[in-house]
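Look at the two complexes coming up: subunit A is in both, with subunit B in one and subunit C in the other.
Up next is the complex of A and B:
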């Protein structure tokens, strides 16, 4: 009886929250349609943002978001995969315990702490060697990758452990060493889960605001190198939010929000399709 | 009897606009908006709440534009603004303006930088991106890292109007969202040039003169330094009792002491 009530309530809350997210998505889509009736669609998808000249292109911010996210993701993947492998393969319990606890600790640190710490450590360091790149896409990506490492590492480790629990004894009895078991069996059978971990991390990277806002520099010019300053969609929303409600600049942030939510839906869809296979 | 009346009159007049004027009041007051106001208002709030436990006053940043928007929609009781709202903003939000301080906006650089003065033309060229290296200012070659505030910031608007004479600001300029963030950015970047409220200038950054006039309180007071603006508290309609008492406190001699302590010029109208 209690189980039934619990599962029904769970279903109700899931439906409610899904409905809420869907309502927000529909509302944003409606507001965007409204936006396109006020100005040419090309204006919003151009690379030129200049409020004084009534240019509201957000393509630069979209491009910067993708660059920051994928750069952070690439860096984080290398570290997360390496850490997960070391934790799984090491014979030293101290090393695996230390690494696992460090990852857990990292996952509990709020985003703003990473950004704040970087502002007083990485930024002055960079200013010594690359004076024009103190607040840049590279700095934001490096710090953002620190945020993604725990998300990916924990998912990777989880699947490694599940597979080991199920098949390690059998494989060992068949004469495989632990290294062979890991590289020839675990890795080959965890591609889909590894991809899920990457997608979840990507979703987190695209949605992050504080690190990009505090470290990417927020320049509205089109970045031509990772050493340039740039503005992501989330930072753009945060910076433009203070504009007058009736201004086109304020209305353009609905399109930014719609694109962000759409990207999340797309990633969830990819995640689901991976699971179904 | 006369003495008693005189004592009563004196105590009333002394309590008007002082922390004592909050006696008997209770409730909450929410303030948000411009970030230049925060430091001095925080001290005022601390003084008030220390003596009156039934009063709760919160203060948040967000920029003048955000404050004006929030007070107009009734989300907050008072807005901090570093500029006069536009006639359309005043009309839309039925805004009442209460100026309590005058602030200057200075050009700031990292203390390691040796520049001490810039002309208006040099400023315009630097902020528009025409001059992008210190070499062009006669110094050792290094990139000029330009910092500005977000477009809804009053600090940016006043600076753009009064110091840059409405000339362009380069798109490559880095944008920070508060005076505090600007100070941190300038402090950590030896090649930085940015803009900052005078109330935020301390040893971590170096203010420089414009056309030979240093951004000091004295120069703002005697109007020789013209890049200045009023600091306002705004309410939508007539302010309620607690908000009104807070405004009176900020404009009182006690409030003026706090305002002056934080590098602004106290005014009561």
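Up next is the complex of A and C:
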């Protein structure tokens, strides 16, 4: 009897906590469902945001989010791929130990620390070369890429190590050197896992708030170069002032949140479909 | 020799990345180390009085440190109740389709951006405030609920994995001796993987202490003193750093933010170090 009560109450707790994610999704969808009429859609997906003129276009923020995450993702991919290659290929134990421990350490560093430190190091450094630009998309992407490195390189290293454990002896016996084994065999056989790592990092890049908020400058105008200041969807949500949740400005915020949430969910589903194959 | 070009390229790129990371960290450590002192934390209040909450600390970062600690403890309490029970259910009771559906739900929950969680709880408080509860405003309680939702997936996944990894002979031992599932769970399985559960808790605490986006929408403010109840507003280290970095007026204020950043970094790294050490012990156990 107690057994059954126990298992049922566990089920109740599980349903409650797993149901919350669906609740969030449904609530946000419900709150912005009346925006999905044709005339309003044009308004919300335009490039002007001006509360006084009643223009609530979030296309600029969407564009900036895409640019920042794409830049950060490509930089982070280059960095973390090379770090994992060096860890795998190096003969020096000190180097691989140092790099591996650093990656682990990076996964523990609060994002606000990165952003805060970059505000006083990278930002002045860049404005020395380009005086017109202080807070910019470029700075945000560079710092954001540091945040993504541990996520990606841990996955990359993991698959490299698994493949090496399984096949290295065989390939070495066939006369391949360690370099050839790595470049001809390991990389070619880890495409799927590389993609997984990239997807996971992308969902982190889209969802991150503090770095974009503190370093990208939050200008509402459309950015024309990477040295311009820009506002991402996440920082747009963070900067709300209105507490009247029937206003149009607040509805545009819901749309931002809904877009963020659905893009992240989409990424997770793509990730799962890769796993199944 | 054929690949030495690639090797040099990879090596230099890794060096750049390491340089960036360590220069940012080194900057915080250097700047923070110079200013950190009892005066920074307690200002001119008597230390003992401040810790015993007899006197309020006005200029120091003591309220922010206490706020962060209260916040992560409270959110851990909420997350543990739901996280442990969900993890146990998923590992021991759930089967087939229900299990894969629930697993997907928690994976999705892990992918929800923290700002969206913050927005959700802000909406909840606005709605409840308007309709039913007059004093349900953004507060310590609301923030800790939001944070607990953010760390919940980590605890669920960790509990589930550590229960799954118990060797089959240990799992069946109690059952063959006549214990029922619940007794087996409490007398054998949970004590067997206590270290794993503990390491998951520390990992979750580390995640909770760094998050800023969720708490800035749900009740963290720049100066409120130490929260007197769970329904009052509070200060927290990450929010304090964000606030100062956007509106500092003089060098002193900025210095205290550097101190706060160093303290936050130390808290995060020590929580992580505990997780890491526990992991090492666990690996020894299974080796």
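Rule of thumb we're sticking to: the second predicted complex is superposed on the first by the 248 of 277 C-alpha atoms of A that agree within 3 Å, B and C clash if a C-alpha of one lies under 4 Å from a C-alpha of the other, contacts with A are read in each partner's own complex, and residues count from 1 in each chain.
Heads up, the rule we're going with is that a residue touches a chain if its C-beta (ideal position, glycine included) is under 8 Å from a C-beta of that chain, and two chains touch if they have at least 3 such contacts.
Everything quoted here is computed from the prediction, not taken from an experiment.
In this superposed model built on subunit A, subunit B and subunit C take up the same space, so to speak, and clash.
When both complexes are overlaid on chain A, the residue A:119 reaches subunit B and subunit C alike. By the touch criterion stated above, A:183 is placed in contact with subunit C alone, subunit B being left untouched.
By the touch criterion stated above, A:135 is placed in contact with subunit B alone, subunit C being left untouched. Contacts of A:238 after superposition on the shared chain: both subunit B and subunit C are touched.
Annotation for subunit A, partner touching more residues between subunit B and subunit C: C. In the superposed pair of complexes, A:214 makes contact with subunit B and with subunit C alike.
The interface of subunit A with subunit B overlaps its interface with subunit C at residues 119-120, 213-214, 238, 243, 245. Of all residues in subunit A, those touching subunit C in their complex are 2-3, 6-7, 9-11, 13-14, 16-22, 24, 27-28, 31, 78-83, 85-86, 89, 99, 102, 104-122, 142-143, 146, 149, 179-180, 183, 203, 206-210, 213-214, 234, 237-238, 243, 245, 253, 257, 260-261, 264-265, 267-268, 272.
If you check the complex, the residues on subunit B that touch subunit A are 62-66, 69, 89, 142-143, 145, 150-153, 170-177, 181, 184-185, 188-192. Chain contact summary for the complex, subunit A toward subunit B: residues 49-51, 119-120, 123-124, 127, 131-132, 134-135, 213-214, 217-221, 228-229, 231, 238-245, 249. Remark: subunit C residues 2-3, 6-7, 9-11, 13-14, 16-18, 20-25, 27-28, 31, 81-83, 85-86, 88-90, 93-94, 102, 104-109, 111-117, 119-120, 123, 126-127, 149, 152, 156, 180-182, 206, 209-210, 212-213, 216-217, 238, 241-242, 245-246, 257, 261, 264-265, 268-269, 271-272, 276 touch subunit A in the complex.
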